[in-house]
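Next come two complexes built around chain A: one with chain B, the other with chain C.
Now for the complex of A and B:
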């Protein structure tokens, strides 16, 4: 069972992915902001993390920086999903590395294929 | 031939000559008189001095005694004045003790009063005994130990205007220049008068048009007249040119002042550079934009005052000698303050009637901080709105694709998907409507349309709308309006928008089994409408800002229930254009009460 951590202040992405990714063997966990995600990762790191950028409290960008600082070896790939223009966000993501971008609105199928792809790449790296 | 007027000229000459003689004689008379007066003054001084000298000699020393010559005669002789005519020494009673008298004179001596010492010293005229000869007597007392012993007196011949042999050398000295000057005057006068006589004769001939020998003279005169005319015309021309020049100078000065005044009045900073790039004009507004005194910029090159490379870059293509990228407009942040911006334009100046002749460069500086901040605010607004619109669209898309791609979905999931799609579509629509209303209110283009509204009807309508919109399952909805509440004059449509937003929030942030109460009441001066819920409440730190545009609470529970930060802002705008007030009271986990307060019409009238 592959584990996906969805970090979003809105419940819908997690709800839809839980339904649409179930048959691909993904188990979905939910965190509502960066701090909650850090807690979940510390106890049980996921295989892939999906995060929104704009969230109350710790946002997606701060979360990624924090993860990078805590885990320099980058234990899992990150997919950033945002309704903001991805262009504005690419610089910091590229600097950190290992971060994919998906602009909202997203299609569940596209997310599924991207997750598989990222996981494959990660395995090659390892 | 003698000209007819020569005799009169001679008479004039004779007259002048006589006048000269009279003048010379007058001068001579005055000179003699002057000399006589001078002589009198000298005699007065001399006599007084001599008497004083004699009174210093004791009486014994002045009286003759056997075996020695008369001392008075010796003293007077030693003095040696030709005018000295008489000398006498008397005792206190006036009896002569010694006397010297010039030959032929019999002076009538007046006795001096021994009892009037004030008269002892002095001078007075003395009859000489000879007709025409005046004597001047000087006398003084002879004293021994303060006691009067006698008097001494001497007398001089008084000077007179009459002929005197002693004056002969002086008169001769006077006569010589008079005799020499008179002929000299005469000859000078003659030589000076001759050309005038000739000219006068000529003019007379011309004016009387005497025929014959004056043809050449007329020619000369006509040439002279032509020359005079030409000269006069030339002078007039020069005068006209000078007037024109003066007018032009005045006009130029006026134009220059006008142009400078116009440049000073412009809201922009204006610099005028000459062809060489030196500043020839800078208005006062340049100062704060360049952070320097405009007067100090004159005759300076741009490199000396350009506080930002962008100024040089816009000037570079126009002011020849500077190399650099060419750009006729640019902007910079004065004082490296990112929140201020000054835009710079450089424009070539051409001669008004010759578009090929460069006169210099115009540099315009304008503070565009407002535009900068407005552009930033606009960008932020657009980014925010785009984000807020994309979020419901993204959710609609997510659930739509789920429905499309997963035919085997459980009925429960399917219903949730459809409901979410409806909710998110409504959320997007509400956002768009709110944005439109806010934009109209902010632009001031909304005209408030007050009508008499029965609040009971309006509030029930709004609550109906809420109950049909979903999200109210398990909530108790209540409208509480007194039956006797009088109609209120409000814009019904705007108030409905405000109330719908408030009711939506009251339902959205409520708890299962909670309550939404919409009520209205009146006081003496106000109508109060309240929307009360029993929901999650608002954290105290957010209460001050919940009516701000785009403000969202960071409270997790509030965030999870959506919202775009415009509903309360719009409600406040609507209340405020009714000159009303909006207030909030909230307890976290207990509920929120939002109150709209409007002044009654008679209060409005009274205050306005």
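Now for the complex of A and C:
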């Protein structure tokens, strides 16, 4: 089963994704902020991570930077959820590279097709 | 069983452990006989479970006692959360001595409490999953609406808007083809997101305007055809082995168009959710069409007002008939040659069409006088660009075009009128119109003389290049004339060899 780590302080996002992606064979794990996500990744890295930007404690941007510092080879693809208004504030992600963006409210169908695409790409790289 | 789920169960297990007291070892078992959680490692419960005769889960409420090879096992059926399904709360006495009735009553109560809490939580979870499913649907709709909104906000309402909307629609609904069909105009706009090729796509798109459209128009509601054996396939284009979702696009009570999504037969069926999203999309397309209609009407109104103004000028001076149109045509060609942005082209369009509107203010006796004008009469003529400005400034939409009309009589060396501007101080649009205006004035016939040939006009304009006309723009213009002689035929300009 492919594992997706959802990092969001709002629990409904993870639940919506779990319900919608279950039929595609995704198991969803949840972390409520960046620090929790780092712990979860250290014990058992997921196949893909989706993270919100704004969270209490460590936010999505800090999480991505931290992951980049800890795992420079990037063990799994990252999707970042962002609001429509924050379209221009993506330079940091471009600098890190390999980060895809999703606009909130996220469309589970879009996530499903993006996940498939990303994993296909990963496979090609390997 | 994922970690999170085991953790969830552990909480209930520990609760049971505390409530049951020291006399029992407790655990939670799955319906298939596995042990999901226990209070000790190497729990005797595992062995007891294995020794349990294979039987459907006891539906009797309350705690049951079952004899096993490992000793008496106390069980209570319970619905477990997530995919774990049905299971048991389990307990066995820790000592060989049989538990007292009081201990057993306490255990039964504890099992009832824990089972009730577990089942509540299970039901709540299932309910929340249902809600989350609903929420997911709403997210899809909202996402699509936002997507549509973004397309509409970022563009004027050309046909490419529909193209973009269809593309979003195809991607969002993961459909192979999304198309907009309006048979009255023989119009089909389509976007594809193909999972595999459709070899006769063009034919399929064309055929939709016929039977499928008539079928949807007569049902006046969304048509979903998934099955290959669906009897309704008899009514639509038969060589179309695809799954079809067709939503009518209404304008008032008319149905001038429809939105169609197609999927290969091996893709999942179009669902109720797809249907709803399709309808949302169709409504948005209806809005776009309505707005496009209003835009076109506004545009037409402006064109007609402009035509009326031009007619008013030309009514005064029959010899200038067609002049505005010709200057417009030439100006636009120069504008294209310069690759002006669409906004500037729009301004050039109106500026060149309306450049002579101020002539309405010139007395007929002066405007139509054959032969040379006196200095006084010429003053009237010199006022006309400023008059054009005074007339056009009342129209907001023409703001950007006014300078073109106001300064088209300026000369490059600064000797023109009304303001004596020099060189590139003269607005670009005015310099373009000046080239076109000069050419048409020389080549068209007037009250007092016949029009000159193209060659004579070129000679004369080259003579005043850099003094009267912008040399660079003149070069662009002459290049256009060389490359496209048909343009001169269209304008009705005489050529040198016509006279021979």
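One rule holds for everything that comes next: the second predicted complex is superposed on the first by the 124 of 126 C-alpha atoms of A that agree within 3 Å, B and C clash if a C-alpha of one lies under 4 Å from a C-alpha of the other, contacts with A are read in each partner's own complex, and residues count from 1 in each chain.
In this text, a contact is a pair of C-beta atoms (placed from the backbone, for glycine too) under 8 Å apart; a residue touches a chain by one contact, two chains touch by 3 or more.
Remember, predicted model here, so these are calculated numbers, not experimental data.
Q: Judging by the criteria at the top, classify the pair chain B and chain C on chain A as clash or fit.
A: clash
Q: Tell me the contact category for A:29 with respect to chain B and chain C: first, second, both or neither.
A: After superposing on A, A:29 lies in contact with chain C but is clear of chain B.
Q: Using the superposition on chain A described above, determine whether A:10 touches chain B (first), chain C (second), both, or neither.
A: In the superposed model, A:10 contacts chain B only, not chain C.
Q: In the overlaid three-chain picture, which partner chain does A:19 touch, first (chain B) or second (chain C), both, or neither?
A: Once the two structures are laid over each other on A, A:19 reaches both partners.
Q: Have a look and say if chain B or chain C is in touch with more residues of chain A.
A: B
Q: So, does A:57 touch the first partner chain B, the second partner chain C, both, or neither?
A: A:57: touches chain B, not chain C.
Q: Does chain B (first) or chain C (second) touch A:121, or do both, or does neither?
A: In the superposed model, A:121 contacts neither chain B nor chain C.
Q: Kindly classify A:83 by the partners it touches after superposition: chain B alone (first), chain C alone (second), both, or neither?
A: Only chain B is touched by A:83; chain C is not.
Q: Answer with first, second, both or neither: which of chain B and chain C does A:113 touch in the superposed model?
A: After superposition on chain A, A:113 lies in contact with chain C alone.
Q: By the touch definition above, which chain A residues appear in both interfaces, chain B in one complex and chain C in the other?
A: 12, 15-16, 19-20, 84, 105-109
Q: Give every residue of chain A touching chain C within the complex, in rising order.
A: Residues of chain A touching chain C: 12, 15-16, 18-20, 27, 29-30, 84, 103, 105-110, 113.
Q: What part of chain C is in contact with chain A in the complex they form?
A: 2, 4, 128-129, 132-133, 135-136, 139-140, 142-144, 146, 150, 171-174
Q: Touching chain B in the complex: which residues of chain A?
A: 9-13, 15-16, 19-20, 32-33, 54-57, 83-84, 104-109
Q: Spell out the residues on chain B that touch chain A in their complex, using ranges where they run on.
A: 383, 386-387, 390-391, 393-399, 401-402, 405-406, 409, 413, 416-417, 420, 552-556, 559-560, 562
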